[in-house]
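Okay, so subunit A shows up in both of these, paired with subunit B first and subunit C after.
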Partner chain A sequence: MDFIVTFPALVAGRLVLALSPLTHYLRDDHLLSSPLTSYSRLQEGIYLFKHGIDPYSGSTFRHSPLLLSLFSTVIPLNEVTAAFLWTASDALAAWSLVRIWRARQNVSSSSRDSLIAGLYLLNPYTFLPSLGQSTSSFENALCLLSLMLACQKQASASLLALAFLIQLSLPSILLLLPLLLLLISEPTSHLASPFFFKTDIRRITPLAGQFAAYILLLSGAATLVCGNLNWVEKTWGASLTLPDLTPNPGLWWYFFTEMFDHFRPFFLIVFSVHLLIYVLPLCIKFQHDILYACYLLLGILSIFKAYPTLSDPGLFLSMLSLFPETFPYLHHPIVTALLHLHAALLLPLFHYLWLNQGTGNANFFYASTLVFGMANGAALLDSIWAGLRIAIGEVKEEHEVLQE
Partner chain B sequence: MRLSVKSFLCSLCLGTLAVARLSEEFNEELHLRPLPDGKLAARFSFSTLLKGATPRHPETLGVEDESQLYTLFPLALGQILREYAVTELHLTLNAGNWNYDRWGYPDEPGVGTGAELWAWMGEGGTVTVDSRWRGLRNALAGLFCASLGSLDEQRTTSPVLTFQPEGSLPNGNASYQLRHATLPSEHVCTENLTPFLKLLPCKSLSGIASLLNPHKLFDADWHGLGVHVRYLESAGVEVRLAFQAVFDPVRAASDKRRDWSLSAVFDRRIERVCPVARSSVIRVRLPQNEVYAIIPSPSTMDKTYATYIVQEVGKPLDVAIIRPEETLFEYLIEPQTHISVHRTLNGASQHAGQLALTITNNHDIQLQTGYLETMPWLLQFYLHTLHAHIDGMPRDDLVKLISYIPPLPHVQPALLQAVLTLPPKTTLWLTMDVVKPFLAYTEHPPDAQRGWDLPPAVFVPFASQNGSETDSDPQLHAVLSDVRSTRMYTPVLLVDLATPDFSMPYNVIIMSCTLIALIFGMVFNLLTRQFVVVRVGEQSS
Partner chain C sequence: MKSTTVHRFILFILSVLLLGRGVVSNSEPAAPVKQFFEKHGARESGHTNNWAVLVCSSRYWFNYRHMANALGMYRTVKRLGIPDSNIILMLADDAACNPRNKFAGCVYSNTGNYLDLYGDNIEVDYRGYEVTVENFLRVLTGRMDSSVPRSKRLLTDDRSNIFVYMTGHGGNEFLKFQDNEEISAFDIADAFEQMWQKKRYNEIFFMVDTCQANTMFSKFYSPNILATGSSEIHENSYSHENDYDIGVAVIDKFTHYVLQFMEGINKTSQASMQDLFNTFDPKKLDSHPGVRSDLFRRPLENTLVTDFFGGVAQAEVVLPALEDAIVEPEALEPETKQRQSPTREVADTFVDPSLLATGWELPNASDVTASALRQHGGPDVDYTKLMVAAARTEIALKEPFTSTLRAWASSLLILALVSWTTVPRNRRPSEH
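== the complex of A and B ==
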């Protein structure tokens, strides 16, 4: 079907749902919005800010000061504007995804455009958080926008989008290195034909400087909005120190709920540093196709970041559609799909049983987050496998590909 | 020689006089009052006045303090007051909910359930107000055998609008700070009464204090003790020890009548007078429009009160009120206070809920009331959802937010001060969404499933801001002068927080780490080992 028809239709459908009363029921769901992205907390912060109380003096509000200034001055945040805004952000994300696909295929339009847009807009993992008006939808949109601009070699715009993204969510800083490399390489698929990185790596230095300037600029703006530096600890610090133990589909919250007090700082450091470990190896191994490294890092983030919501794995899974060449080489797609199905059914059920019904306990929900972690892990590992395996291509009868 | 002995004696006398003994005065009073629902309210008040004394100035904390020589004034308390330079102090330990609708305003306004401590302290000197506050609550915890040490920073606020000093603050120009904390889960019992009695000059051996029989007091429907220290500019430092209780004479009586006597209520009579008491008075509020007899005959009597001067009447003294003709007693069910307040926490979910208040104005005229919430971070407000309704119609204009300090986990509670306007004879519904935080497993108390007690909200009905209107309307003036900024405490709330599994720390650490190690290991396995094509099947062998 024609992309020009399907895309507006999908977005219009999304808008109708966003204007429905469904959003009220999804707004405070722990799976869809974390304390860092919740709509209610954003509203609370704006209310406090408008009444002259520093929203960062409490612990409820952990959104970026930029969102605070945006919604308290430019756009008033209410039911209607929110519905339009979140739909627009989803539309931007889907459109960016399609543009990335086109850039990767080096075509101006393709027959798969509608499918790719649909896979983002209709993916329940991205769709439900957006209906619940979690600001993680903005993070996804900024992330895809930044990648799209990088694919189109618009370095400044891309780095600015990334700087905005990091303002909203600190863990996304993992994407900095692959994004810089993407800016000086090609987005087209080279998975099947690996090569050593040809471009002079020193070309990223001015780009990194430009990025640092943007970050400083935005941080300065944020400090100006707040009048002090409290926001750093409350927004960025939260991703590192996990002050709020509200349940989410990730691995951190129950681990640190059950952690012995004197080990807490140690494991916080371990968990934070652990995220950084993956960046360099993935960038080196996939130096011939940096976009694939970006995709894998988003998968890592969706499993291991401090406050994930369903939209993080949603972004990872929707991006899978960009790499159809790897599909024949996936090891165990059925297992991954079933694990995801299993987790997607268990997570809301056990969350409800524990916190609303009172018949289950925290272990039930914890167990389902472990299954969800396994599902995301399986998808990530299979993607890495397929991305490397594709280089060998089809093998003859009675031959098999192994690792030494 | 004789002269020198004389002069020696003389100088000795003068020396004794030079250690300026402050004159002290001890008064005791028992106020007995029948309540509209047949209960009996008793209020013991023991006040010791240290004439001409002033509270210690915080700037003198570094130097050695003047010696404390008291005969009646409780030394244990006096030492604490001087050590931490406390100007005004109020400690109340109560059990049960004071039922304002049935019982009206209490004689002692501090009736919040559990422990409540508030103090006004001067600023200045080397020791900060906060460190003195910490020392004060720990010292009082030791003195009264109560867990006042738990009134830490997580429960301390400074709600100056509601807790104005009851006495005066010396040196009008110096700045004073308020510290206030409540601990609703504190249970009051005999172990708190014993140290309380030790502060009295006659202990519980004689005088009115001899009626303080723990077996009966802690059996009362409502009971609470209070320690109030204030500085009166014209008089000196006053320490007032108060005990307040609501007895049910019907429950204790064998014939199920509401007649009462001291011996029936307290199981004791006054056998002796406290010799050091300057005055020792029992005041009994007389029933109105009823047939009754009061024995023995009081020292003085008017329409509303019978007064016994304990020194004058015969001993043993056993006051009693008998209603010989009463066979049936009808409860008076109309509210006894200007406003009625009910506060509930709605919602079954363990992660969110709604705080709902209904405030009813029982009068024909418009009233205003201060509203104070000092909420520990165990319940976090969504202030943007604070809405007022009257009969289903939104009336947000009736709520005026004065100040809000958001809570910080492990650091400070939330402080919400607002002013509500209550139209005549209407009920205002106030709702606000709340979130319940999730605690680490070490932060839960031993019986975690019981939930956490949340402190009462405090309401202070007060005069309208438009003073001329108050003056011109005699009815309003009468009502408000009657209210006289009495604090009203709502019952405490219990919040049910989600609990983790307390047996799981090792399992969770092991399982989460296994999953992470598994993914990490497999990722690096894939990234570091080389892919090779090998021949499999029969030909290879």
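== the complex of A and C ==
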């Protein structure tokens, strides 16, 4: 179907649902929003700010001060504007995804546009957090916007979007290096024909400088709103020190509930550095197709982030649609799909059993997060395999492809 | 030689004076405390916390009414503000879940089954076979093994008012514990004396509902004890009504009428102990209840019921010094002191309404002036306003105007950045 028709229809449908009272039931769900992205906390922070109390003096409000400033001045936050805002961010994200696809295929429009937009807008992993008005939808939108602008060679805008994204969510700093490399290379698909990085890598230095300037300016804007530097510890520091152990679909919280204080700093460092070690290898291995490296890093983030919600793996799965050349080479798509189905059914069920009904305990929910992690891990590993396998191409008879 | 003795004498006098001065200066901190507690004369009780020890010393189904007695007192005392942490409830606790109980899990003290005393959240500290004379005396005196948990201890101090209630089967100067042993009036009297020596109470109100109850308090000899019992020596105390569904008597007369009186009492009540004792009607009770107040230093007309039954104490609320706002610190006494309002001194306070009213959405924010406070006066002081006022001084009080200024500045900076990057300009070389 025509993209011009389907896209507005999907957005309109999303808007209708966003204006319905459904949002109230989804708002405080632990799967859809984390302490860093919850709408209730955002409202609380804005209220405190408007009444002259520092929202960062307590630990309820962990959103970026930029959201604080925008929502208390330019965009007043109430039921209606929130619905429009979240729908708009989803529309932006879907549109950016389509534009990335078009840039990758080097066409101005294609028959798959509506499918790709639908895969983002109708994906329950992204759709439900957006209805629950979790600011992780904004993070997704900014991420896709930044990637899209990088594909279109608009460096400043892309870097600004990434800087803004990092203000909202610190772990996204993993995307800095691939994005810089993407800015000086092509987004078109070269998975099948790998090559060494063609352009001069020193070209990223001025871009990196620009990015640093943007980050400093945005941090300055954030400090301007707060009047002091408390926000750093409460927002960015939350991803590093994990002060809030609210259950979420990630792997960190349970681990740190049962952690003795003596080992806490060590494991916090391990978990944070663990995220960093994936950047260089993925960028080196996929230097011929940096967009694929970005995609894989988003997968890493979705599994190993400190406070993930369902929208992080949602973004990863929706972006799979950009790489149809990998589909024939996926080892176990059925297994991955079934694991995801399994996890998607168990997560809300065990959460309900544990916290509403009281007949289960935290281990039930933790087990379902492990299954969810396995599902995401399976998807990620399969994607890495397929991305590398394409390069080998057709295999002669009696030959096999082995991984050493 | 005379001069040395004179010298020694002068030295002696000087040292006595100095010591005397030392004694006086040591009591310096005690003076404001004394003044606080005796602000309205020595009629005040001087207690800061309330405890209750409620003992039902019977077990078995046919002593259902003793269980109901104790649970009724428990409920009343909780309702009036004594928390579970300050109540020691000793019950055999075999009535609610007894196989003979038609209303499983419920204990009623009336035939109409109006009010379930057992409920969902009662906290029985000593149940079943733990209700022994030894445990009771250990609770009172505080002499227990270090492994006993806090919830089973009577952690009172010298400003605690304790309500001790005992019910069960008793006789001349004894009370039967669980069909097994007895506690005598001398034991309780000695326990109270130990408590006095160890400064474990400010005042005790001892109530006992058994046969020949008044003999139980006849042996007390420690100060500040007020006692009441349900019947004289050689008299029985009777049960109030039988319930034909439950099959046994559900409440005793004395406790029933006391609880009935207490239903009309709430935390702010000014009813006195004399009012309570005036409601004792020997005709209705079929026995002669007694009151012993010779050891009690205050007149009963001035002793509030809530001094013992409720968790109500004197408090003085002082507003923190709001900058540029307060002329004098304010001293307010909430609740229960209303009858003394003619003599009360409420210092003149002026709280600048603009400080609290700017952008603040509380109703009547501008009413927080001295006149309003005086009007609200006794029991209705709006603590939320006071707390909010206090909170605002502690967490950085920023004028909302500068906050909005900052927010706008920041938003404009963000928008400027966005427009600078997105509006097409001369392409920089690195972007190709």
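Note that in this section the second predicted complex is superposed on the first by the 404 of 404 C-alpha atoms of A that agree within 3 Å, B and C clash if a C-alpha of one lies under 4 Å from a C-alpha of the other, contacts with A are read in each partner's own complex, and residues count from 1 in each chain.
One rule holds for everything that comes next: contacts are C-beta pairs under 8 Å (C-beta built on N, C-alpha and C of every residue); 3 or more make two chains touch, one makes a residue touch a chain.
These numbers come from a predicted model, not from an experiment.
Trainee: After the overlay on subunit A, what do you see for subunit B versus subunit C, clash or fit?
Mentor: clash
Trainee: Which partner does A:L355 contact after superposing on A: first (subunit B), second (subunit C), both, neither?
Mentor: Once the two structures are laid over each other on A, A:L355 reaches subunit B alone.
Trainee: Counting only touches as set out at the top, which of subunit B and subunit C does A:T81 meet: first, second, both, neither?
Mentor: So A:T81 meets neither subunit B nor subunit C here.
Trainee: One more residue to check, A:I53. First (subunit B), second (subunit C), both or neither?
Mentor: Both partners, subunit B and subunit C.
Trainee: Which of the two partners, first being subunit B and second being subunit C, lies in contact with A:S109: first, second, both, or neither?
Mentor: Neither subunit B nor subunit C is touched by A:S109.
Trainee: A:D28 contacts which: subunit B (first), subunit C (second), both, neither?
Mentor: After superposition on chain A, A:D28 lies in contact with subunit B alone.
Trainee: Going by the contact rule set out at the top, does A:T199 touch subunit B (first), subunit C (second), both, or neither?
Mentor: In the superposition, A:T199 touches no partner, neither subunit B nor subunit C.
Trainee: Is A:E44 in contact with subunit B, with subunit C, with both, or with neither (first, second, both, neither)?
Mentor: first
Trainee: Can you tell me which of the listed subunit B stretches (6-14, 150-158, 294-302 or 528-536) runs into subunit C once everything is aligned on A?
Mentor: The listed stretch with clashing C-alpha atoms is 6-14.
Trainee: For subunit A, give the residues common to its interface with subunit B and its interface with subunit C.
Mentor: In subunit A, residues 51, 53, 57 are touched by subunit B and also by subunit C.
Trainee: In the complex of these two chains, what residues of subunit B are touching subunit A?
Mentor: 348-352, 377, 380, 382-384, 401, 404-409, 414, 433, 435, 437-442, 498-501, 504-505, 508-509, 511-512, 515-516, 518-520, 522-537, 539-540
Trainee: Where on subunit A does subunit C make contact in their complex?
Mentor: Residues in contact with subunit C: 49-54, 57, 65-66, 68-70, 72-74, 153-157, 159-160, 164, 203, 206-207, 214, 217-218, 220-222, 224-227.
Trainee: Write out the stretch or stretches of subunit A touching subunit B in their complex.
Mentor: Result: residues 28, 30, 40, 43-44, 46-48, 51, 53, 55, 57-60, 243-247, 251, 253-261, 274, 277-278, 281-282, 285, 303-304, 354-356, 358, 361-363, 366, 370, 373-374, 377, 380-381, 384-385, 388-389, 391-392, 395, 397-404 of subunit A touch subunit B.
Trainee: Inside the complex, what are the residues of subunit C that reach subunit A?
Mentor: Result: residues 359-360, 391-392, 395-400, 403-404, 406-411, 413-415, 417-418, 420-422, 428, 430-432 of subunit C touch subunit A.
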